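Both complexes shown next keep chain A, but they swap its partner, so chain B is in the first and chain C is in the second.
The block that comes next holds the complex of A and B.
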């Protein structure tokens, strides 16, 4: 008895402390970034103004006035939204087929898809730029960014959906077949409702990845299709680092995602731990 | 309503043959039970009839239509799964109505059929719940209800009782028997429990390694098993086998060089004064079960056998006893072919 009580007191203290420590370690850079965004560029680098400083909105106003912030933001929203939609549009049927009608080669296909993520992006930078700029003429278009973001995320999305679909007992699908459901009805009325949590967290994760993607969005755009990543990148100006400005831009770029994640927290946790809880 | 005919039906997964070549006729309205040990292919055969598993060769006819290429829902069959396989995100009502909705049945007819089935199964009060909020037995009823509303020509059950506890299993077994009486529909039922098979079936199909060992009514299989496998599979506790070294002279007189195995069911032994009878054995364990007792014995040679007796007081543990049997209820087999010799 005594041992049990001790253990529960221990875990009552230990786990929250650990959780908070981890949370703070992860949260600190974001906190710092937000804090810095309210400092002038001059204050930002001065140690004496680390915590104590006069807050200013100068960086944000500057960002909106001089940097055309809303255009970058709009591009981010458009490309992330369309890329996520398109990825799911392709990913759901693909994962469905592999989960419910597996063939001998399904495992190989899954591995192959994942292996495409092992290719270093830098290795294809030159061909990609050359191809899109000089041959396809797609450089700096929304279309190109949407396609690139989709292709980058497709393997992960298919893997995730595949795992969630696999959780659905085969018999339920077969019961649907006995009830005479069409393929589309099976996806709509049985698979998606049962994998809803998983689907939501996959979509959310995909959206976050798209939003934060910087390697390609920075390199394959100039103005028209440039996203917030490009804006952040652009503020690493050659004249030196403007930490205040950079932080403001970064905060504005990260903000929506944090808010979105906050609202979808329940979905996310449920989706990501679906298998474990069951 | 419809009967079924299976002709040379076979199934293999790549190189492994799971169902060898099955010929079977099931009459309209018959209750047929597939029994056999685990892995013998019962579920596979049932799923082939359902259309969930492709058949490698042969033909399956339901009613007067060859259904090899017909989709499951178009075969006029309903299936009750071992795991129930209810749609977890739908209410009981929707679970039962789903199939009818797919078939574009008018709404009020769906409603009438669902309520009717719910009435029969006494689940009318549960229609608004989701499966999560039901007990195992209630889920089972919903699964059966989902099968009933489609008014199939043939019901297929794959071990529907195996997830229920013992008391509920007996009760549900009786309900399934009643349901069959009431609907008069052809039913095919898979189980590895021979008690279920005996009590429910008009006709039992005993399977082993993808082959049919014997087809017959429960009493036929009990009285005239065609081989040693069926003899041991039907009846509980299972039939005892003796060869000439186990038997007394009187016992040896019942067999010969070809029919060299004597089969005696535990319930057919009669305790007789020591020295007479067909077999002698030493009881080493008595399991009293109230109405009767199971006595585990050993022949002089050490082969174990079981005697079922209603008066265990007569059993003297550790001392040699003699048992007799009415020759009319004994069975003779050829050890080599395992077949029964009449």
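The block that comes next holds the complex of A and C.
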């Protein structure tokens, strides 16, 4: 009996402490980045100022004054928002049809869609640049970035939505059909309320992927449509220099998304399973 | 409208968009891979415009396979990086998901902290790790090793005990920008970012585990380990497959991290090699691109065999 009690007190203390330790280790790099963003560039690399230092907003003020931060931020918001909207606009009907009226080819279509994500972007970079610059004249426009972001996320979005819609019992839809509800009525009155959580988490994930995208947004823009990832790209080069400045730019670029993720954590946890959990 | 027409119509925009998105660039890449096409060439200016007259047949493919010393290395390295990341994230994800699958004070907070890395922009992730954490001089890596050396130096001055410590060598911080280690830096940073994804999926799945079965196993005297191996792992088979598939899709096209860590120095993967060729030799870049498409398809077929079956249940 004694041994059992000992064991349970041990595991009552040990496992939570271990869990907290792991969590802190995982979060540490982000904490470190935020902390460094309040140090001057000189302080950031001095061992004696590792923890103890005089906090300064210099890096943030500098970023806003000299790097045109708000323009990059505005572009990120615009492109991510519109791309998410457009992706859902195209993706919801497609996923709906696949989940409720599957045909022999539905599985193949889904798999093919996902496989388009495996095309190496670098292989088509040159054709894309050539096409958008010389033929379509869309290079460095919001429109182009929105379309590209939508297309790279469309397969994942359809996949996620498909797995949600599939969870909705078919009988409910059948009952609706009996009552003579139209297909749009079905979507609006029956499916959407049931799939609301799934839709929200899909939208959120799509927004996060758009915001974080750094291949096309860097290479298909120069100034007008350049997003925050381009700002990071431009600030990263010199090794070991400007840690303070770098951290401030990074914190500003990552902060909104991380905080958004925290608030929507519950939905994401439910949603981010790609149909893995029954 | 018939029963089948409307569902088809609803899928059409998505299918068409993706078809164009795939076929147009792919078609151009295939065309470029069969012609001589370079961006700058003073002796042969006619090669700088894409034209059917510069037909080279399989010349670009042969060039990539036989003349470029980086190709096979890049293929191996791509597979090595993706494989390592998948193994590490699945192992860590499983361990941590099981660890936090119990109630304890501050569990919600722990979850928030653990998920956070997944939201970080990959470019920021790479910049942050290679500069501020892994840099052998100015990063935390260098600072900690220096600090340890300082402590050991101090201990050397002690009588008696000092003799022992004077045998200790000076510690050297590992440089992750060196050719052999830059792949490890990439693996570390991507593992940090994607372990939360694995945790999330495994955690959600663990909550739906059959508790009665577990209790029965405990009554039968099954150890915690055998419960884990015989009940939990089979229950998690599908989530593990999904985690592997999604990560393979994302990491085969890894680029920003490779570039930021060492500019591909000693650590190229296929996308990066394509990028290098593309700075001048579009023909070779396109041929490499086709090879990358083939590799991706091999992986895809392999993975979808596993996932595809359970997809429609």
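FYI, the second predicted complex is superposed on the first by the 244 of 278 C-alpha atoms of A that agree within 3 Å, B and C clash if a C-alpha of one lies under 4 Å from a C-alpha of the other, contacts with A are read in each partner's own complex, and residues count from 1 in each chain.
Here, a residue touches a chain if its C-beta (ideal position, glycine included) is under 8 Å from a C-beta of that chain, and two chains touch if they have at least 3 such contacts.
Being a predicted model, the structure only gives us computed values, none of them experimental.
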Clash-or-fit label for the pair chain B, chain C on chain A: fit
Touching partner for A:62 - first (chain B), second (chain C), both, neither: neither
Residue contacts with chain A in the superposition, chain B compared against chain C: C
Contacts of A:85 with chain B and chain C, given as first, second, both or neither: neither
Contacts of A:169 with chain B and chain C, given as first, second, both or neither: first
Which superposed partner A:179 touches (first chain B, second chain C, both, neither): first
Chain A as apex of chain B and chain C, Cα-centre angle in degrees (nearest 10): 100
Partner chain(s) touched by A:141 [first = chain B, second = chain C, both, neither]: neither
First, second, both or neither for A:194, with chain B first and chain C second: first
After superposition on chain A, the shortest CA separation from chain B to chain C (Å): 9
In the complex with chain C, residue positions of chain A that touch it: 15-16, 18-20, 22-24, 26-27, 29-30, 32-33, 36, 45, 47, 50, 90-91, 93-94, 96-98, 100-103, 106-107, 109-111, 113-128, 130-131, 150-151, 154-155, 158, 183, 208, 211-212, 214-215, 228-229, 232-233, 236, 239-240, 243, 246-247, 250, 253-254, 257-258, 260-262, 265, 268-270, 272-278
Chain A contact footprint on chain C (complex, rising order): 3-4, 6-8, 10-11, 13-15, 17-18, 21-22, 24-26, 28-29, 32, 96, 99-100, 102, 104-107, 109-124, 127-129, 131-133, 135, 137-140, 143, 146-147, 177, 192, 195-197, 200-201, 203-205, 208, 238-239, 241-243, 246, 249-250, 252-253, 255-256, 260, 270-272, 274-275, 278, 282, 285-286, 288-290, 292-293, 296-297, 299-300, 304, 308, 311-312
Chain A to chain B touching residues, read off their complex: 169, 171-172, 174-182, 185, 189-190, 193-194
Footprint of chain A on chain B - complex, ascending: 50-52, 71-74, 77-79, 81-83, 85-89, 98-99, 102-103, 146, 150
